[in-house]
Every structure is written in structure tokens, then in C-alpha cells.
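Below: a set of structures, written as C-alpha cells.
Next come two complexes, and both contain chain A; in the first it sits with chain B, in the second with chain C.
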Partner chain A sequence: MTYALVSLSIPLLSALVLMLAGARLSKRNAGIMAILTSLLSLVAAWFCLLDVAAANQSILLNLGGWENGLAIRLRLSPLSSLLLLFAAFMHVLIGIYAGFSRQSVSRDFWTLSCVLHGSLAALWLSADLFNLYITLELLGLTAVAMVALAGKKAYKPASNYLILSLVASLFYLLGVALVYGRYGSLDVVLLGLQTQSDTTTRIALLVMTAGLMLKAALWPLHLWLPAAHANAPTAVSALLSGLVVKGPIFILWLLWSEVAPVDLAQQIGPVLAVAGMIALVAGGLSAMRSPYLKTLVAYSTVAQLGYAMMALGLLMTWQLPQMHVALWLFVIAHGLAKATLFLAAGEMQTTLGTKRVSGLRGATQTVPVAMFAFAVAGGSLIGLPPSGGFLAKWVLLEPMLSSPQNWPWAFGVLLGTLVSAAYIFRVVAISFDRARINPPDVRPDRLGHWLALLPALMVWGMALIGEWLIEFLSGGGV
Partner chain B sequence: MTLELMPDIVLGTLLLLMAWGALYAPTRYDAMALFVAFGVVVALIWARLGAPDLALAEAAIGAGLTGVLLMQAARQLPAEVSVTGKRMPWFGSSLLFLVLTCAMFAAHILTDSSFKQAGIDTSATRLLGGPTVPEMVTAALPNSGVSYPVTAVLLNFRAWDTMLELLVLLLALTGVRQLYPGTPQHPRANTASSPQAWPVLLSWARFLAPLLVLLGGFLLWRGASGPGGAFQAGALLASAAVMLRLTGLLPPLRWSSFLLRLTVILGALLFLGVALASLAFGDGWLVYPTQWAGALIIVIELAATLSIAVTLSLLVIGESEDLAS
Partner chain C sequence: MTGLQLYLILGAAVFLLGLHALLMTTDSIRRLIAVNLMGAGIFLIMVALAGRISPPDPVLHALVVTGLVVAISATAFALRLITAAARIDSGQSAIPDKASRLASKTLSDVAEDSRP
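Moving on to the complex of A and B:
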């Protein structure tokens, strides 16, 4: 647990120091410091993962040494240690991209990215509904400030995002208040033992779910996401799509898999699963029709989150432990792939001087590395074997195909796959149009392009450790 | 209906009226005045519900500072166009939605008796037959270092929440600073950014400011044994600073000053330092040694008060030349 706390506090401390140093630290040094911070946190998270793997169970810690129910409880489960590692890795990668590639970021990016890292770590570790609310608020405010980094054109999406995010927080808080009033406890583990499916609990859970769905941009509450993610600076878009929307999903999963009574979860499950299916198709269709590259990638986030929601809904309906694994494999595979898509899209935009998808004509020749990264990561989103996306989809499909009454769900997954393939191949097809090449404005930035490729290769590499991942996540991930 | 219920009904009705007025007032200034009045009524309701801490915070932040913020924002907006006869396109559908929701809610309450029981049945809020949280707080209070349960919860039992809340405040400021990128184009002289204040206002401000500082100090000290504490004291100090700044008696607070930045992050930094020190040398993350608990809480609260005061006043009165790095 000590390693987890170290991994959590290093970024927070570094954020405060960066804020204090202000202009005394040059922008480059601030960047180096933030990257080193994430690197240290990554090392701590690795040791923490080894700890959990050795203990083979969740580790609980009552903060302040007070008794259960009075103290805030932190919980280090195999899943949260994996997510700690994932968040730290993404921060290192995107930090290097933001610091050393041609995309310039302002000084406050580093402070904000450190706070983002710290608040995500706090979120993965928390097992207390009110504490989760505060981490959620931190996450939302950081994300809004990061969108605003892009300057005047981003103010409107940022302010829309802020207002929706606050409304969503208040919804969640209302639910927390109802739960506390009914059961007199905020601790996830304790609540799981005593919840009943009465009206108060039902209203509380539904209100919280609505708030979290709005925060995570799950269909039909996703309309704010494309504008906010597409207008942010490239590095920020990658962080937002790869990490920030996963926070609310974690809380949603915690609520329905642990806090909610089983019969209530079984009632609501199909609704979420169907919403996930619609998200897959509707988000995919919007991505297919979008004229701008970054908007296309942002809509693909909406679509891909549909898989996560489907896995959650089916987990609630069937109460199958396998679905936990499917859900989190999706989240990690999507995070890595989406980082690549946004970084590659940003690089191609700058090099080719166009935001339009149609401007990518001949990109296979002019920006080959970035385009290759885009296609490789897209392959994982589609779910081509042996990528991480395929791994997750396989775990999800297995129980669907095993009995004929579940086949309609499999049809939904198939439809989602087809739509994903359509919007990825649309981009790839245009980039092969070498007859009417769109000449690049500047020479491609080598480092940026290769950095974009790295997570794409990692998501394909997930298949190599697939067996270990599945065992690790199912061996006490809950 | 008993006579005791009358003030509650009056306050509740008043609250709804104020909210309605603030939303649908014909001019901007009417709406802002009604919003401030709304904040005052909310504060009264908290006081009536037996939560003086919340009442203080609501009056200082919800009514006072937010009111100033709204006025400042209105000053920078273009003159308002007439809104008479403006159609409210969603009004009908949202009213229908509201009625439907209320009807569904009422139907639920009528058919499900657990909702009615929840408020009365105290055994339901027991942790698996164990003590309730208020009982646990009372039992643990002697070891917490303070004698007022709310402060004990905020700074000892759930100190981690409070630490993260301090970060939330810092982030709000960082977010606002993003709206003023780069260095200012036309640095103004060290004079008041507002028009010259009335003489009456000036003399009142001179009289009120020391009183507010005194009151803030009292609230901070009082927090150990009764309603009060860092957030309330910080908000009061901030309101004093805002008043002085608006009347031009205080020079601009500049983000480029190291001392100011140190004050802003002091609370969170000290809190994190205590947490790390307790992890490294003590019994664990945020475990205070019992004999030091009282002193530690006071020190943290003092630092937090200063940080909150400066952050809130920067949020309200900070202008582009103050906040740009």
C-alpha cells in the first residue's frame, strides 16, 4: 500500500511545486520535471503491482487509523494497481510527446497534467462514495482547464463541459446523500453488505448513474464530448479520451458491481447494455460522417465506450465474473489505441496543414509513420486479432455465443465492429489516394510520429501477455 | 399543522420565489439582487436546520462573494438588450417533464413504504447492528485533538477529503488563469481598477475591514470547539480583501509574486507534507500522533485559512494583469 500512496502523492507534490515555481522554472524544465514525476510514479506503481500480485488479494487501508465506517477507506485491488500503472504510463508517454515534439503546450499544462495524474490515482484507490465525489470533481475541473489551454476557440466547448460536468457532479452528490441518509455509511465494502432494493436506494442509484453517464459521455449523454475533445490541444485530447472518461466508468462499475443489490442490477443491466449497443452504432455512424479528423476520433470514443457500457450492462444482467475482465480489457485497450489515434491525428494535421479527413490524400506517402500508427491502432478498435481490442471482444463474445438466447447481443457486437471498420477504413482508404496527393506544409516531426506509434504497438502487444492479464484481473479483481 | 412549522413554510416558499425571480427577472441587475437574496435565504434555512457551519459558509460564499462576482461580470458585459416578449421554447416541455417526474415520484412513495420508513427507522442506518456514524464520532472525539465534531470530521477523520478539496480550490484558480494567457499588453499603474468609490463606501470599508479580519480570526479559533473553521474564516477574510480591492484601498494581488503563490498553495502543501511525514516517520498516511493532533490541526487550519482567503479573493477580483504568469 505504501507504494500506491507514493505513486499517488508524487504527482500531487510536483503539481504544487510547479505552481509555486511559476515562471522561475523555464517551460522546458517544468516539462522535464513533470515527466520525471510521472516516471517515478510509474516505478512506484510497478512495485505496487508486484505487491498485489504477491498478496493475491485486495489490500484495505483505513486512513488516519480510525475504525471502519468512520475513516475513509482506500483499497488496492489488482485492478486498481493495473490502472495506476496504466495512468502513469500514459502520462509519461504523453508528457514526452508534449515536451519534446513540435506541438507546443503552455506552462500550465504541466501543473494540470500532474494534478490529473494525482486525482486519477486517488480515484482508482478510493473505496468511499464521498471521497470518490471529490476525486470526480478534481478530474472534471482539471479536464475543463486543460481544454481551455487551447485558447479562445476552446472557451465555448470548455464552458459547456464545465456546466455539464458540474450538473453531473451534483446528480452524483444527490445520490450519495440519499445513500448516506438511508444506510448511514459511505464505504463501498460496507454498503455492499447491506443495500436492499427499496425506493430510496433505487432513486439514489439511478440519479448517480445519470450523473456518471453524463461525465463519462455514455450514450445518450455524450453530446458535449466531441466538441470538447476535438478542440483541445493534441496532447490534452489524448489524455482526455484515453484516461479522463475512464474515471466515471470506474465509479459506475463500483456502484453496480458492489454497492447495488443484485436484483436491482439485473433489472437495470439490459437497459445499459442496449444503450451501449446504440452508442456503438450511433457513435460509429457520426464518426463515419464527420468531415474533420479529430472529430472523427472523438466520435469513435463515444462509440467505443459503448463496448464498455455493454460489458457493464451484461455483467449486471448475468452476474458473470468474466465480464469484469472484458470491461477492463476494453478500457485499457481503448486508452492505448485512442492515445495513438489522437497523437497521430494531431501530427498529420500539423504536417499536412488541414483538419479535414479529405486532406489526408496520399498520407501513406507523405506521413507514413503517423498513418501506419493510425491504421494499427484502428485495427485494435475494430478488434482484429491479435490486438488488445480483439482480446477484450473475445472475452465479451464467449458467453454470448455459448447459448442461443444470447445471440442478439452478439449481433450487436458484430454491428459495432462493422461500423468501426467503416470509419477506420474510410480514413485509410483516403490516405492511399496517391493520385491527388495533398503535399505536406512542413517536414514531418520524427519524434512525434514514432511516439504516436508506440501505444499502438503496445496495444497489439497486449495479446502476448493476454493470458496473464486475464488471470490477474479475474483472480481477485473484484 | 403546528405553529413551529410556520417559519419553515415561509422560508421554503420564499426560497422558491427567489429562485423563480432570479431565473425570470426582466433585467440583469434584478436577477443578481434576487440571487443574492436567494443565498441569504438558503443560509437562514441551514441555520434553521441546525447547521450553523453551513449557514456561515453559504452566507459568505454563496451570497457575498458570488454576488460580487456576478456584478463584476455584469460590468464587463455589453449593455443588455430588452428581453420582453422573449419566448421560452423549452418551458412547456420542461414543465411537463417536471409534472411527470413528480407524479412518478408520488406514485413510488405511495406504493413503497420503505421511503417513508427511511427517515424514522434509525436501526436501518446502523452499520450491520454496530454503532451509527454520529455515535462513532462521539466515541472517537477525545482522541481527535479537537472538541467540536464537525472540525474533527473535516480535519481528522476525513482529512483526506479536505486535502483534496483544497486542491479543488487551487484548480479552480488555475482554470480561471487559463483565460488570461501570456503577459498583459498594457500594464496599468498600481491604482484601483474600479472607478473611484464613493466617500461613504470608502469610510465604511476602512471601518469594516479590521472588524472582518477580527471576526475571521475568531471563527478560526472557535472552530476547535464550536461552529467555525478554516473555510468560513477564509471566506470572511476574502470578503474583506475583495471590499478593500474594489474600493481601491488594496494594491492588486499579482500572481507573478512568489509570496502570493506560496500563500495560495500553503494549505495544500502543508497538508500533503503532514501526510507524507506521517507515512514516512509515523504510523501511516494521515495518522496524527494523539498528543500532537490538536496542534497539527490548528497549524493546518491556519495555513488553509490563508490559502482559502487569498484564492477566493483572486477568483473574485483577479483581472488579467493580476493573474497572467
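Moving on to the complex of A and C:
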């Protein structure tokens, strides 16, 4: 647990220092400090993963030494240690990209990225509904501020995003108040033992679910996401799509897999799974038709979150532990792949001087590394073996294919795969049009391109540790 | 009807009023006020729930105080963002910082599609 606390507090402390130092620290030094912070946090998260793997169970900590029920509890489960590692890795990678590639960021980026890292780490570790509300609010405010970093044009989308994010957290807070009024407890573990499916619990859980779905941009509450994610600076888009939307999903999963009574979860599960299926198709079709590259990638986030929602819905319906594994494999595989897609898209945009998909003609020749990264990460989104996306999809498909009454769900996955393939291949096909090349404005930035490729290779490398990952996550999903 | 129920219904009514205003208006400041109204409704519910036992539940009071801090900071941030966005809409320069100048420069060449 000590390592987890270190991994959580380093970014927060560093954010404080960066904020107090302000202009006294040059932009470059601020960047180096933020990257070192994420690196230290990454090392701590690694040790914490080893700890949990050795203990093979969740570790609980009552803050301030108060007794159960009054204390704010932190919990380090195998999953949260993995997510700590994942968040820290993404911050290191995107930090290096933001600091050393040609895409310059303003000084405030570094402070905000440290706050974002800290609040994500706090979210993974919290096991208290109100504490989760605080982390959710922190995450939302930081994300909005980061979108606004893109400058004047982004203020409007940022303020819309902020209002929606506030409303979503208020819905969640209403649910928390109702739960506390009914059971007199906010602790996730204690609530799991107490909850019954009566009207108050039902209303509370539905209100919380609506709020969290809005925050995570799950269909049909996704409309704010493309504007916010496509208008942010490249490094921020990658952080938002890869990490920030995963926070509310974590809380949603915590609510339905632990807090909610089983019979209620079984009633709501199919609804969420169907919404996930629609998200896959609707998001995919929007991505297919989008004229702008970054909007295409943002809509693909909407579509891919459909898989996560489907895994969650089916987890609730069937109560199969395997679905935990599918859900979190999707989340991690999507985070890595989406980081690549946004970084590659940003690189191609600056090099080719166009925001449109049609401007990518001949990209295989002019920006080969970035285009290769885009295609490779796209392969994982489609679910081509042996990528991380394939691994997740395989775990999801296994129980569907084993019994004939589940085949309609498998059809949904198949449809989603086809639509993903359609929008990825649309970009790849245009990039092979070497007859009418769109000449690059500037020489490609080598570092940026190779950095974009790195997470794509990692997501394909996930297959190498696939067995260990599945075992680790199913050993104690909670 | 007990006092507790009355306050719970009042809180829910304030929350719904705020939600209604949020969905029906387009002006950013009005929408922000509507969000604050929704928050006030929830805080009313929480304070009322604290009175369900005697002596009143201090945990809920603590939660409301924390919630108020969050609401105030979020509102301040939102006001700053909305006014900055509104200034840009009306053509004045918002904050002439370097990042936005750079961003507007890269965004201005949107007409690159007409290129051969």
C-alpha cells in the first residue's frame, strides 16, 4: 500500500510545486520535472503491482485510522495496481511527446497533467462513494482546463464540456446522497453487503448510472465528446481519450459489480449491453463519415467504449467473472491504441498541413512511420490477432459462442468489428493513393512519429503477456 | 407529511427546476445558474437527510461543506471560461497569451483543401 500512496502523492506534490513556481521555472524545466514525476510514479506503481501479485488479494487502508464506516477507505486491488501502472505509463509517454516533439504545449499543460495523473490515481484507489465523487470532479475540471489550452477556438467547446461535466457529477452526487440516506454508509465494501433492491436503491443507482454514462460519453450521452476531444491539443486529446473517460467507467463497474444487488444488476445489464451494441455501430458510422481526421478518431472512441459497455452489461446479466477480464482488457488495449491514433493523427496534421482525411493522400510515402503507427493501432481497434484488442474480444466472445442462445450478442460484436474495419481502412486506403500526393509542408518530426508508434507496438505486445494478464485480472478482479 | 418528507420533496423540486432550466435555455450563464440550482437541490436533500436521526448526522453536513467547496470552485472556473468564450464571440481579444496566438495561426489555414 505504501507504494500505491507514493504513486498517488508524487504527482499531486509535483503539481503543487509547479503551480507555486509558476513562471520562475522555465517551460522546458517544468516539462522535465513533470516527466520525471510520472516516471517516479511509474516505478512506484510497478513495485505496488509486485506487492499485490505477491499478496494475491486486495489491501485495504482506513485513512486517519478511523474505524470502518466512518473512515474514507482506500483499496489496492490487482486491477487498481494495473490501472495505476497504465495511467503512469501513459503520462510518461505523452509527457515525452509533449515535451520533446514539435507539437509545443504551454507551461500550464505540465501542472494540469500532474493534477490529472494524481486525480486518476486517487480514483483507482478510492473505495468510498463520496471520495469517488471528489476524484470525478477533479478529473472533469482538469480535463476541461486542458481542452481550453488549445486556445481561443477551444473556449466554447470547453465551456460546454464543463457544464455537461458538472451536471453529470451532480447526478452522481444525488445518487450518493440517496444511498447514504438509505444505508448510512458510503463504503463500497460495506455497501456491497447491505444493499437490497428496493425503490430508493433503484433510483439512486439509475441516477448515478446516468451521470456516469454522461461523463464517460457512453451512447446515447456521447454527443459532447467529439467536439471536446477533437478541439484539444494533440497530447491532451490522447490523454482524454486514452485515460479520462476510463475513470467514470471504473466507478460504473464498481457500482454494478459490487454495490448493486445481483437481481437489480441482472435487470439493467441487458439494457447497457444493447446500448453498447448501438454505440459500436452508431459511433463507427459517424467515424466513417467524418471529414476531419481528429473527429474520426474521437468518434472511434465513442464506438470502442461500446465494447466496454457491452462487456459491463453482459457481466451484470450473466455474472461471469470472465467479463471483468474482458472489460479491463478492452480499456487498456483501447487506451494504448487511442494514444497512438491521436498522436499519429496530430503528427500527420502538422506535417501535411491539413485537418481533413482527404488530405492524407500519399501519406504512406510522405509520413510513413506515423501512418504505419495509425494502421497498426487501428488493427488492434478492429481486433486483429494477436493484438490486445483481439485478446479482449476473444475473452468477450468465448461465453457468447459456447451457447446458442447468446449468439445474437456475438452478432453485435461482429457488426462492431466490421464498422471499425471500415473507418480504419478508409484512412489507410486514402493514404495509399500515391497518384495524387498531398505534399508535406515540413519535414516529418522523427521523434514524434516514433513515439506515436510505441503504444501501438505495446498493444500488440499485450498478446505476449496475455495469459499472465488474464490470470492476474481474474485472480482477484476486485 | 413529516418535515423530513417536505424538505426532501422541496429538494427534488429545486433539482428538477434546475434541470428544466438547463435543458430549456441556451445562454451559458443561465445554464451555469441552472447547474448551481441543481446543486442547491441536492444539498437541500442531503441536509434534510441528516435530520432523519437525532442528533442530526454530522457526516452529511461534512459532505455538504465539501460539496459546496467543489461547487464554488467549479462555478468560478466556469464563469471565467464562459466570459472568455463570449469575448471571442463578440470579437474582442480575450487573453492575448502565446498559446492561443499560436493555435489561431495553425487553425487559420483551414482552406488547405483547395490545394492541388
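The criterion applied here is as follows: the second predicted complex is superposed on the first by the 478 of 478 C-alpha atoms of A that agree within 3 Å, B and C clash if a C-alpha of one lies under 4 Å from a C-alpha of the other, contacts with A are read in each partner's own complex, and residues count from 1 in each chain.
Heads up, the rule we're going with is that a contact is a pair of C-beta atoms (placed from the backbone, for glycine too) under 8 Å apart; a residue touches a chain by one contact, two chains touch by 3 or more.
Quantities reported herein were computed from a predicted structural model and do not represent experimental measurements.
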{"item": "Touching partner for A:Tyr155 - first (chain B), second (chain C), both, neither", "value": "both"}
{"item": "Chain B versus chain C as contact partner of A:Ala122, first or second or both or neither", "value": "first"}
{"item": "Chain B versus chain C as contact partner of A:Thr2, first or second or both or neither", "value": "first"}
{"item": "Partner chain in contact with A:Ser106 - chain B first, chain C second, else both or neither", "value": "both"}
{"item": "Which of chain B and chain C A:Gly353 touches, first, second, both or neither", "value": "second"}
{"item": "Partner chain in contact with A:Met19 - chain B first, chain C second, else both or neither", "value": "first"}
{"item": "First (chain B), second (chain C), both or neither touched by A:Trp468", "value": "neither"}
{"item": "Between chain B and chain C, more extensive residue contact with chain A", "value": "B"}
{"item": "Which superposed partner A:Trp407 touches (first chain B, second chain C, both, neither)", "value": "neither"}
{"item": "Contacts of A:Phe130 with chain B and chain C, given as first, second, both or neither", "value": "both"}
{"item": "Intersection of chain A interface sets (partners chain B, chain C)", "value": "70, 106, 130, 134, 137, 141, 144-145, 148-149, 151, 155, 181, 184"}
{"item": "Touch list for chain B against partner chain A, complex", "value": "108-109, 112, 114-115, 118-119, 124-128, 130, 132-133, 136-137, 140, 156-161, 164-165, 167-168, 170-172, 174-175, 177-179, 181, 255-256, 258, 261-262, 264-265, 268-269, 272, 275-276, 279, 283-288, 325"}
{"item": "In the complex, chain A residues that touch chain B", "value": "2, 5, 9, 12-13, 16, 19-20, 22-24, 61, 63-72, 106-108, 111-112, 115, 118-119, 122, 130-131, 134-135, 137-138, 141-142, 144-145, 148-149, 151, 155, 181-185, 190, 193-194, 196, 198-200, 203"}
{"item": "Complex interface listing, chain A residues touching chain C", "value": "70, 104-106, 130, 134, 137, 141, 144-145, 148-156, 158-159, 162-163, 166-167, 170, 173-174, 177-178, 180-181, 184, 186, 233, 350, 353-356, 358-359, 438"}
{"item": "List of chain C residues in touch with chain A within their complex", "value": "15, 19, 22, 28, 31-32, 35, 38-39, 42, 45-46, 49, 52, 57, 59-60, 63, 66-67, 70, 73-74, 77-78, 81-82, 84-85, 88-89, 94, 97-104, 106-107, 109-110, 112-113, 115"}
